[in-house]
Every structure is written in C-alpha cells, then in structure tokens.
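Down below are the structures I want you to see.
Two complexes come next, and they have one chain in common, chain A, joined by chain B in the first and chain C in the second.
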Partner chain A sequence: MSDVKDTSTAAERGAALPAQSPPVDPAETAAAGEKAAAGGRLSWWHGDAGEGARRNLALIGVLVALIVIGALTRSDLYSNPDWVWDNVLSILKLASVVGVVTVGMTFVIIGGGIDLSVGAIVALAGVWCTTVATQSYGAGGMIFSALTVGLAVGLVNGLLISYGRLVPFIATLAMLVAARGLAAEISDKQTQVSDNNFINGLASNSLLGVPLLVYILAAVVAAGWVLLNRTTFGRRTVAVGGNPEAARLAGINVKRHTLLLYALSGLCCGIAAIMLTAQANSAQAAMANLYELDAIAAAIIGGTLLSGGRGTIIGSLLGVVIFATITNLFAINGLSTEAQNMVKGGIIVAAVLVQQVQFRSLTQFLNRNRLTTT
Partner chain B sequence: MSDEQPEETVVTDAPLVEAPADTVAGEVVLRLTDVVKTFPGVRALDGVRLEVRAGEVHCLLGQNGAGKSTLIKVLAGVHRPDSGTVEWRGEPVTFANPQAAMRAGIATIYQELDLVEDLSVGENAFLGHEPRRLGFVRRGHMARRTRQILGRLGHAEIPPNRMVRSLPAAGKQVVSMARALSHEARLIIMDEPSAVLAHDEVGNLFRIIRELTAQGIAVIYISHRLEEIREIGDRVTVLKDGRTTAANLPARDTPTRELVSKMTGRTIEYVFPDRPAEPPAGDELLRVDGLTRAGEFADVSLSVRAGEIVGIAGLVGSGRSELLETIYGARRADAGTVRVAGRALRPGSVGSAVRAGLGMAPEERKSQALLLGEPIYRNVTLATFGRYSRAGFTDAAKERAEADRIAESLDLRPRDVRRPVRTLSGGNQQKVVVGRWLLGDTKLLLLDEPTRGVDVGARAELYQVIRALAARGVGVLLVSSEVPEVLGLADRVLVMREGRVVREAPATELDENTVLDLVMAGSLMEGAPA
Partner chain C sequence: MTQHSRDLSRRRLLFGGAAVGAGVLLAGCTSNEEQPTEAQTKAAATGGNAEPGKRVVIGFSAPAADHGWIAAITNNAKAQAAAYSDVEFKAVEAGADAAAQRAALSTLISQKPDVIVLLPHDGKELNAFGLEAMQAGIPVVNLDRAFPDAKAYRLQIKGDNYGMGVAAATYIIAQLKAKNVANPVIGEIAGMDELELTQERSKGFADTLAQAGFKVQNRRAARFTADSGQQEAAQLLQALPKIDALWNHDDDQGIGVQAAIKQANRSEFFMVGGAGSKKAIEDIQADNTVLKATVTYSPSMASSAISLARLIGQGKGMSDLVELQVPKEIILASETITKENASNYLKLGF
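Up next, the complex of A and B:
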C-alpha cells in the first residue's frame, strides 16, 4: 500500500520526464541551496572532488618533510642551487622506471586485481630486446619487441585471470616465476650489452636540461591520467574494481575489461624495459628485481585501495617520488640500504595511517569547529 | 491477529508535552532530547526528541533522508551525536562504539544488511560475542543456540552452519534478526526490516515482535508502509528534515492524512497513476518461451508488449528474481528462449540484452547495483556513460545534467549529484538504482522491487515515472513483494509460486486476497501437498 502522491506536482514531474529538462521547482531549489549553505565555508574541503586532492596534499606534505630533512642533514650541499636542481633531476630519473610500471599497476589495482609479475615482465622484455638478433633490427626493432613482449605477457596474464578464472595473485605469481625463467633461458644468464646508441641515449641525453627518461615518465603519467579520468576505459576500470557485479549488470563486459587492464600493465612494463635497458646499457634476467613491491607500495601510498575501485595516478606518482626521495636522502647522507629499507617500510605504514586516521579526525575537527563558531 | 497487545492504560510517568498515548504502560527506557548529528554539508539530525517505553513498539516515520537511520545509528553507537542527550534507563549515555551499545542492551537490525558473507549463519548470529570456553569458541553450543533462535523466528529449516552468502535476501534478514535476538537486549531497533520480506514473512516478524514486547522489551520499528505501522505499532514519532515534527502519536488512530502531512509538510492523496483507457496494444517486445533453470523456476512463458506494464507477484523464493535475472542474461537458462522484438538474445550475456534495449534494476542495491564511493551522477550513468562519450572520452558535464534531470524527477535528496552515493539514505540510493535505466533508450525495463525502502511521496512519483515511460512505448516487467503495488501499477499480472506461473490475468480482474491465496497455496507447512 502506501501509494500516496502529491497531486499538485507529481503528475507534472512524471509527465515532464520524457521531455528534455523539466522545470525546476523554485521551492525545492531554495531548500537545496539552504542545505548546501549549511555546509559552510569549508565545503570545498569535504567535496567529492576534494577527497583525492586531500590525500595528495598529505603526500606532498610528506615529500616536503623529506626534503627539509635532506636540507637539514646536508645543508652544505643544499646551499648550492645547481646541486639542488641536479639532485631533483636525479630523483626524478630514479623514479622514472618504477613510475611507468606503477601507472600500469595503478590501473590493475583500481580494477580490482594485482600484478606481481611486473618486474619479471620488465626483465623478459629487456632481455628479449637486447638479443643479438633483435639488436640487428636497430632501435625501432628493439622498442617494438620490448613493447610487444610486455603486451603479450600482459595478455596472457589477463586471459588466465579473466577467462581462466585464476586468482590474480596466483596467476601473476606464476608468471613472475615463468617470465624470469624464460629471461634467464634467453640470455643464458649472461648480461646482454646494448650497442644501440639511440636506446642508450635515452638515459644519457637531456632535452632543455631535463633527462629524456623524465619526459617519458611525464608522458606516461599524463596519458594514464587522461585514460583514468577522462575516458570510458577509466570509468569502466573504476566500476569493475568497485563493484564487479554492478558493472556486469550495467552491461559492462567485465572479463574483457580485466583482460585489457593486465595488457595495459604489460605494455607499461615494456616501456619500462626500454628505459631500464637504456640506463644500464644492458639487460639481464635479474634486472628490475622486486619492482612489483615498489610499484604496489607506491600505488597504495598514493591512496589506491587494494580492494579496488579507488585510486589516482597523481597519488601513485607521488608515491614513487617519495620512495625515490628517501633513497636519495640516504645516498646523500651515505647511509646503508638496509636502514633505507626499514625506513621505507615505516613510511608505507605512516603514509597510509596519515591518510586514513589523521584526515578523518581532522575533517571531524573542522566540522565541530564550524558548528561551534556559527 | 492484529490487536493482541494488552491495552492497559496506566501511565506511570509524567505525561509528555505531546499527546501522550494511553496504550503503553511501561516505564520510559529511552529518552532523546535535542539530538544533533551533522555530516559534511548535511544536518542529518537537527534536534530530535524521542521517548520509548518498555514493552512498546515505537514507530519512526519520515521521508527518505529524514534522518531515521542516522538516529538509530546514534542509538546503536555507530555515530556519536554532536550535541543533545541520550538517556538510557535513566542515565545519560554516549556509546563509544556498537559493542558498548550492545552491552548496554540495545540490539540493532540495520537497513543495509551487515552480515559477513563468508561466515556461517551461526557465526554471524554470534559475531563478536561467540560463546567460548578457555578462548575456544564452543561451536556445538553456538549451533544449538542458533538453532533455537532460528526456531523461534519460525525458520528452523535454515541450518546454522550454512554460509550466509548462499542465502536469499529474506534468509539474510532472518540471520540479522537472529543476531539481534542473540543478545539479551532490552531494546531492539529494526530499520526497515520488512523491506526485504514477503507477506507471510512479515506476519512472522510481527509475531516475534509481539513475543518480545510481551517480555517487556522495547522495539523501535521503522517502515515506509503505513499499514504495518497501524498493525504492529503502539506510538509513532515523525521526523522531517532531521527534526521531530510529532511525538508519541497513537499508531492506530492517527489519521493517515495527519501522519503524511507531518512527514512531508504537504497534503497528499492516495492514488496510482491512471491506466490508459485501452489496454496497451503495442507490438510484442519480449517473448519468453519455456524458460527453465533447475531448482529456481520451470517452464515459464510470458510476453510483454510495448507500452505495457506486466507485474509478477510471488513470494520471495518463488523464483521471480531469478527469472528476471535470467531474462536479462545475468544467469544462463537451462532451457527455453528469450526474444526481444523477435530476435533471440544470446543466453547468459548481459551485454547482448543491454544492446537489445533491456535494462534491469536488481533486487539488492548495495551488492548488485551501486558503486558506493562514486558520485551519484556516475552511478546514474553507469549503464549509459558510453553513449554520452565522444571517441572514448567521457562527457561529465552532460552526464551531470542528465543525472540532475533524473534526480529532479525522482525527488532525490540531497539533489547535488556530485555527492558519493554512500552518503545517501537507503531510499534515495534505491532511486539512483531505478533512475539509471530511465536514461538512454531502454525499450524494456525489468524492475525487481523498485520501491524497496522508498517513502510514500517518492513512491507515487516513481509510479508516475514508470507509467510515463510506458506511455512512451517502453515495456515494463515488474516484480514486487507488495501485492497492492503489482495490482495498482501493472496492466497484466502473473502470479508465480514455486518457480511456476500459476495464474495470468489483467490486473483489474484480480484482487489482493485472490493473489495472496494463489501465492501462498501449498506453501504452508501443514497443508497437504497440492
């Protein structure tokens, strides 16, 4: 029962639906406005768009803190502006390879999956593109083969997971082992030197004072941002990760999209393989060791929800840069990598806590304050 | 079966300012004064007063978003009030967390089920207070007590060790009820418990509530169905925009007109939209032949014409939802065909159904339909954002405009479509689920319990919208547990029982009792097999 209606307006509303836009009831609008006004001057802070931005602000805070620590501990170096600029560039260069991998990883995690095989794919693609046979085709052949290998391995991951119904963790763990094995087989466990000047130049050359690797990172990040925030692909990614059943019932092809996500991650690994090969002027089966951990950690620190459905590219980028800055901080202070790893672990926990706990209570605090002052 | 409540008239406490109902004898166990609770940008509670006595069923009425669920979450220790006092059995209290409220004797059945899908029925019922000895859970003991409680709830057939995931919606509701009963509660709060229950289950629920109140336990009962409040309630408190607009009205005698105007601030009349004078004679849109899924439904044939609203009445578990999902391709049929405008759909492919112009608002909004963290407009356009895109780029401004239009026509509150859906009240979330398919060029709309949790006013608007769609030539297949809704809205009605269609007739030729008899026949335990 309880089928009751406001005779004055409901009929109009119902009838108005098929039309382009029904007239807005002025009383309703006023009421809505009032409610919004109750939100007060801090409403931007609470706004829907604000949430990601808020997180990223926290990460920038962490970054600034790290730089301040650097400046305090090595004030001698920081007093030289040229050194500071060079140091910034070296941090970005350090971040570039993992950064590219992290962009792909971010998509996979937002889409509700995980890719443990990224480091192995980078190694396989790197080894594949530096064999004597591939190098004989020149830079174009090397780039093509790296991208193709990355894409192909990503597709296999995707097929196993979406159509083979394997759990992502298991499928990509198996791929991690298999791809490294294949890389070792191909390279015969040797280091394969790259003789290609174009490829090697990607790491050693700069444009307008900025290393080319940093441009590649910027391009991948920009493309990833657009893809996630402005395209139907990105929208599907969030839907598939946020609630796969809802996505399926809305007519989204969840399996195909999952497949594409792993392919995208593989493609990013292919790009990273070229960059890493350029940096080392060589490739070997053990390269890009534990990149999967770095990429996952960076994405999580950047606010990507491990259970899927939420995450930002900018956050992931900040995560990667924070890690690179820590590494740099330890390097300029001449500290051991062991200590560095311990601090990294701490930073992961701290960053997540800062985002979750601190910001919730800060929001609450601001809220309460607003209430008492108005 | 309705008025067994003892009608003692001794009022022991000082009467409240508002009309004190004389039907309730118990002492006041709970008193809220000027409780305020704000969320970012919303004053969900803005000075609520409430008084509940031992042994009474106190009903909360209010439109979608009025603050009912927020209020009970304050009582349950989920939210802490910004200001105001909560007195529980004479003492001012603030519950730091839900456990504290439970220890104090307040058990809550939430509007959105909060069960752990991968735990068993018994584990869910005793979650957080498992009976244990030396740190080990006493599984046998727990199973026994669960069985006892389920028996009391009239559902002895649910095995305590069954996984909750495998239960239908109504079964899950029973489990959350069992959880509330597993505490020694003095106050049990039920937030729209009947929304997922079928007619006979509601009767069962009322029987349990009467048992509870006879033991002096107080019950706070929330529902949008006025007739339920008349049947089970003692007193009513009405909320509007987070304020108490009327307190302690007698549940049985207060005129509907008064209740509704206190709730909505306007006068409202009881109507379904008019049916077209002529029965719709459009082309056949949907043709289902011999559709079968083992254990769910068998040999179902039906058709829907363009512009026609076909209703399916049946109990929860009669295979209605499964049928709808199978037509939509979300489940794969064992036998039978589904044709849309003469063309067979690929079995088990939602994509093929959506391309053919089908849309479905599923039964469980939270698990099947919504991206809770995403803004309203993205939820509204979840099935259509591709259509508003250009070369793969989404057009958020256009999507927001379209979502605004839907929000307007369904009276969504708050109206701001950039808010996350998570912050909407239950009824408003439901409007988002249905609203999704009002966009785009849906030709055939499958609606599974479309008005679940939607308030009286918005419900009427939704009916108008559905009728307006049909007038445009859209076919509608509607499943609802509320028989009057099926009879009032549909042109033609199918009655389902145990997976089979047992009757098909124009809605005007059926009445509520006939349908109920058909639906129930043979479903009673003591009845001889038909």
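Up next, the complex of A and C:
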C-alpha cells in the first residue's frame, strides 16, 4: 500500500515540476508527456520535448569537430572528394556492427536494465552460424541460426531477469562468461572461415554506391526509431525504465515487457553476428571483444540515462558514429591505439559532462532571460 | 473467454512447436566434424631414442585461449604424447589468467609428474612457480614465453619474435628492391600491442627496414582475431590510398585482413603474413590473393617440447648432438614460406 502512495506522489511531483527543471528523478521522465504539456508556455526547443534534439545537436557538433580535425591534419587526403566519400562509407561500415548492437542495448537501458552479454552473444551466434554443419545449409541456414541463437540467448537473459528476479548486471555477466565458453566449445577455439559468398558479399557488395552493411544498419536504426517513438511498445519501455512500479500500476505487464527487451537485444546481436561474420569472412569465440562496453558507452554519450527512462535511438547512433570517427581519425594520422583509447575515454566523460552541465544550465539561463525580458 | 484461452493455447502450441523445431535444427548445427584436426607430430621412428624406455609422466599446461595458435599448441602436445608408448600425458587447463594457471599447476604438482611442459600466461608472473618446481626436483620445460630466471627452467623452447620481424622485412626489402620501388609505402598490422612478443616483432621489422632506408608508414594493432584484423586493416587501407607492402603479424587475424583488402577492392600491393596457418599457406600456394609469403612461428614447437621432455625424463640426450643431455635453450628460426616452398610447409600449417 505504501508503494502506491509513493508512486502517486512521485507522479504528482513530476507533473507539478516546471519544464526547465533537470530530470534527476526517473519518475519525472516517466511522466514526460505530461511535463511537455505543462511546459506549453515555452517553445518546443526550450522545453523538454526538445531535450533530445539539443543533446543530439551537441553530438553532431563533436562529430563535425572530429571531421574538421581530420581534414586539417590530413588535408592531402581530404582534398580528394572520392576519398572523402570512401572514408565516410568506411566510417559507417566500421560503425555498422556496433551500431546494430547499440540499438538493442539502448532499448534495454531505457527499460531500466543493462546487457553485458551482447559481445558474447554476437560471438556465439557468429560461431554457431559458421560451423561446417550450418554452412552446409547455405546462407538461409546461417542467417536463421544466427538470428535464432541471438533471440534464444536474449530470451534466457530476459527469463532470468524478469521471472528469475536476477539483477540484470549479474544475469548478463553470467551469460557473457557462459556464451563465450559455449562459443569456444563449439568452435574448438579455432577460427571458422565462412565460405558462403552471399554472407561474405554482404560486406563487399554495394547497392547504388552504398555498402549493404550500411543499409542493414539504416534499416535496424529506422525500425528501432519507429518502435521506440511510434508504438505502445516504445512508450511502455520508457515507462518501465522510468518507474517500474508506476508502470505496473498503469497496467503494463512489466515482467513480460522486460523479457521482450532482452529478447530484442539478443535479436540485434544475431543480426550483428551475421554482419561481423560477413566483414571478417569468419567467426571465432573471441570475436566482438568488449562490444558490450562500446555499445553501453555509445548509448550513454548518446544521452541514454543509465538508470533508465530516457534515451534516443538517434543519439545512440551518433555515439557509435563518433567512436568510429575517432578510430578513423587516429588511423589516418598514423597514431597509436593507446592514444586513441585515452581520447575515447575522455570523449565519454566530456560528452556526458557537456550534456549535463552546459545544456541544463544553458536552458535554465535562456529560460530565465526570457522570463525576465518579457 | 473460452475462445480467448483457446486462441492463446493454439498460439502457445505454435510458438512452442516452432521453438522446439528451431532448437532441434540448431543443435544439429554445432557439428564441425569435417574440419581437419590433424596435428603436427613426429612419427616415432625406430631405434635409438625412439625405443620405448623408462615410463615418463609429463604434466602439461597452456592457457585456455580461444586463438587458433594456442589451440594448435595443446593439440600438438597431446598428439605427440600419444605417439609414445612410454609417455603418460596429464594436461590441466590454465584458465584465463596467470592466477588461474598457478592454481591449476599446484594441482598438477600433486599428481607428481616427472617433467612439466608449460606455456605460461606470462613468463614473469609464473617465474616463481618454475623455481618452486625445479627445487622440488621436477624439470620444467618452458614453452615459448620465457622465465626471466635461468634457474626456473630446465629447457626453454621458443619461437623467435624479433626474427619474425626480421624475416618479414627481409622478404619485403628483397621484393621492393627487385621492383626498383623508391620510397615505398609500407603498412603494418600488429597483434595485441600490450604483449612483449608484439613489440619484439615490430622492432625486428622496423630495425631491418631501417637498414634498407625504409620505414613503416602506418601501423595498426589488432587483437589476433579476424574481426579486429578486418577493422584495423579497413582503417589502414583508408589511411594509405596506395601501398607497396603490408606485413600482418598473425595469419588468424589475417583472414580478416584479407577480407578487408577484398572489400576495399585493393590489389596494388603484396602482403606478408605471420605464424604460418594452413589457410595462409594454401593461399600462398594458390597465388590468387595479395598474400605472397608468411614468416613462421610454428606451434609445432609443442610437439618438439613433448619429445624433449620425454628425453629429459629418461635422462637421454638428442641423438644428433654430442652432449649426453638435452640442451637448455632452443630458439626456432623464423622461416619464410613463399610459393616456391609452400608445399613443404603445408603439413606444418595449423
């Protein structure tokens, strides 16, 4: 009974707070819709609805800065338009696999969870779809097994977390270890070469000058965007992540929804496994090393709240592309991977700091000015 | 309501059936039986040292790494031990790090082996174990990753990482000189940068290139896996629009490097590999990719280590040497495999 009382007050607080206040409490973000309505006196841009757009604009600023640095340091390469186009495509190809994983991860994190097992699921699905037996069924068999393995492992994660009441961190950490172990067992620690021309062609073929991998990334991102922003599933995800108890009282089957979120993440890993296998023409148990951290980092700098209830697919995509651009920037300048990793760490901190401090105080500042001048 | 629940049960049946079907299909898909797993062993000859002698229990430990080379090390050791009727082989998996290996080794010691063959996670971290075992009277054969303390091993057998870099650079210099290329663009895709062996390989490569007045234009470090090799190679190719020669440290990650080269439609350069995998040797022999040579770092050293451990256990020396005991250090030469000699090396590929 006390639960009910708590959530109702939290919801009230969320609705009562003025629009420019920082979204500290997850409950407020659960009530984002109401808040947008309450903040009607401010323009869309300054209100909460524009929050995601403002964050994304900051990320685009970082991206442009990185490209400008690249153009200044390697003006010889950037003076060739063909090379520039090629380079953009190579950055997108580099981002494609982690990008697909990050879409699933974004859903899980918005839903209040975390999935540490994504890299391991990619490896397991990749190894499973490149065994001699699977390859004998052709491309269809390989795609089927990668997607099914990804989905099944995601379902197991989801069952353990929602119905088994395990903490997501623990359940997916266990899956990380177990799935890599199973992948090593199946592959006998060998690198399994993919001889399938259709699968390998996904990475080497282009349509209208754009690599097929980039189309797959675009399709997954578009599907993720629609699912998050235009369906009840997406609204429920935000609600469950923002305040699970309020979501339950609102009639959402929180357990089933959580289960579906991890299944979705697993399915994304299955798609990513096909893409990575295509890129490397092979699969092995050690592949997709630390992709879970790449995906989490990308989602975080994309503005996804680690405690759930807030996040955008476009922000996550920008996060992935920024990391890929950093890698590319360091590669074309012939700088070491160590320096690159240090910069990556700096970017994660900087991006979150900029979003938290600057934008919040900036909007507050702007709003205050508007109020005083009128 | 009844209508609803019937729908639900039908849906459940459908989903359940599909799940079971998918499970059965998938379970059938884990087989890898067609993959060749023949190991590199030396068939037991007759006469001399090959004659069955005193029974020797050999304890063996190598990291449970998920990398083709390490897997080949373990397979080779196992297969070579099986080739001797007087060797009993006791293997312990060394887990994921030095601490796990130390724990595994202490269980091995309690089984009282006559000789221990050990590929440590890190030679420095397991130095103390080597000393301890030697003091307890168990000879230790260190495989590939050296102990800093000379008292910690009876025999050390290892590959030549610096020599790999030298061999790769020597081949590249000869090819470029033959083509009269001035100021060549040379790329390098290294393995895991935090490992000493990677640094040694790169140093040998750079030192030798410098003697010819060449240098590495761009170097990326991958992680010995095909997918990381692909990613780093794709970026390296982007950084260097025209390349003359490329050295990739490891043939396993080379699968990804070659994929990246194919995906970028590049063929203006030649590539040298490292380690000597079966696939690389086959590609060199077929001569239809940019891979023209590879410098060896063969896991066959595990087979040799078992043979020598047996001789140590029996107190015998190597028959072609004058000395009555096995020497203390053996460093394998890094050999260069090209199209001309590829057929000789095919049986050593892993």
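FYI, the second predicted complex is superposed on the first by the 324 of 374 C-alpha atoms of A that agree within 3 Å, B and C clash if a C-alpha of one lies under 4 Å from a C-alpha of the other, contacts with A are read in each partner's own complex, and residues count from 1 in each chain.
Simple rule for what comes next: a residue touches a chain if its C-beta (ideal position, glycine included) is under 8 Å from a C-beta of that chain, and two chains touch if they have at least 3 such contacts.
Note that the structure is a prediction, hence the values are computed from the model and not measured.
J.: Applying the document's definition of touch, where does A:189 land relative to chain B and chain C: first, second, both, or neither?
T.: Second partner only, chain C.
J.: Please indicate which partner A:258 is in contact with in the superposed arrangement: first for chain B, second for chain C, both, or neither.
T.: neither
J.: After superposition on the shared chain, which partner residues are touched by A:325: those of chain B (first), chain C (second), both, or neither?
T.: Neither partner.
J.: Just checking: does A:162 make contact with chain B only, chain C only, both, or neither of them? Give me first, second, both or neither.
T.: It touches nothing on chain B or chain C.
J.: Just checking: does A:248 make contact with chain B only, chain C only, both, or neither of them? Give me first, second, both or neither.
T.: first
J.: Once chain A of both complexes is superposed, is A:93 in touch with chain B (first), chain C (second), both, or neither?
T.: A:93 sits against chain C, while chain B stays out of touch.
J.: Considering only the touch criterion stated at the top, classify A:117 as touching first (chain B), second (chain C), both, or neither.
T.: The answer is neither, since A:117 touches no partner chain.
J.: Report for A:338: first if it touches chain B alone, second if chain C alone, otherwise both or neither.
T.: second
J.: Based on the A-chain superposition described above, do chain B and chain C contact any of the same residues on chain A, and if so which?
T.: none
J.: In the complex formed with chain A, which residues of chain C make contact?
T.: 22-23, 25-26, 28-35, 37, 64-68, 70-71, 193, 217-221, 223-232, 234-236, 238-239, 241, 252, 255-256, 258-260, 262-263, 279
J.: Touching chain B in the complex: which residues of chain A?
T.: Touching chain B: residues 1-8, 10-11, 13-18, 20-22, 24, 28-29, 32, 35-36, 38-39, 43, 46-49, 230-235, 238-239, 242-243, 245-253, 309-310, 363, 367-368, 371 of chain A.
J.: Under the definition above, what is the set of chain B residues touching chain A in their complex?
T.: Those in contact with chain A are residues 38, 40-43, 82, 224-227, 256, 260, 264, 266-273, 328, 330, 350-351, 353-355, 360, 362, 367-375, 378, 382-383, 385-386, 389, 392-394, 401, 405, 408-409, 411, 414-416, 418-420, 436, 438, 456-457, 459-461, 463-465, 467-469, 472, 482, 484-485, 488.
J.: Name, in rising order, each residue of chain A that touches chain C in their complex.
T.: 77, 80, 83, 86-87, 90, 93-94, 128-129, 131-134, 137, 141, 144-145, 148-149, 152, 180, 183-184, 186-193, 200, 203-204, 276, 279-289, 327-328, 331-334, 336-338
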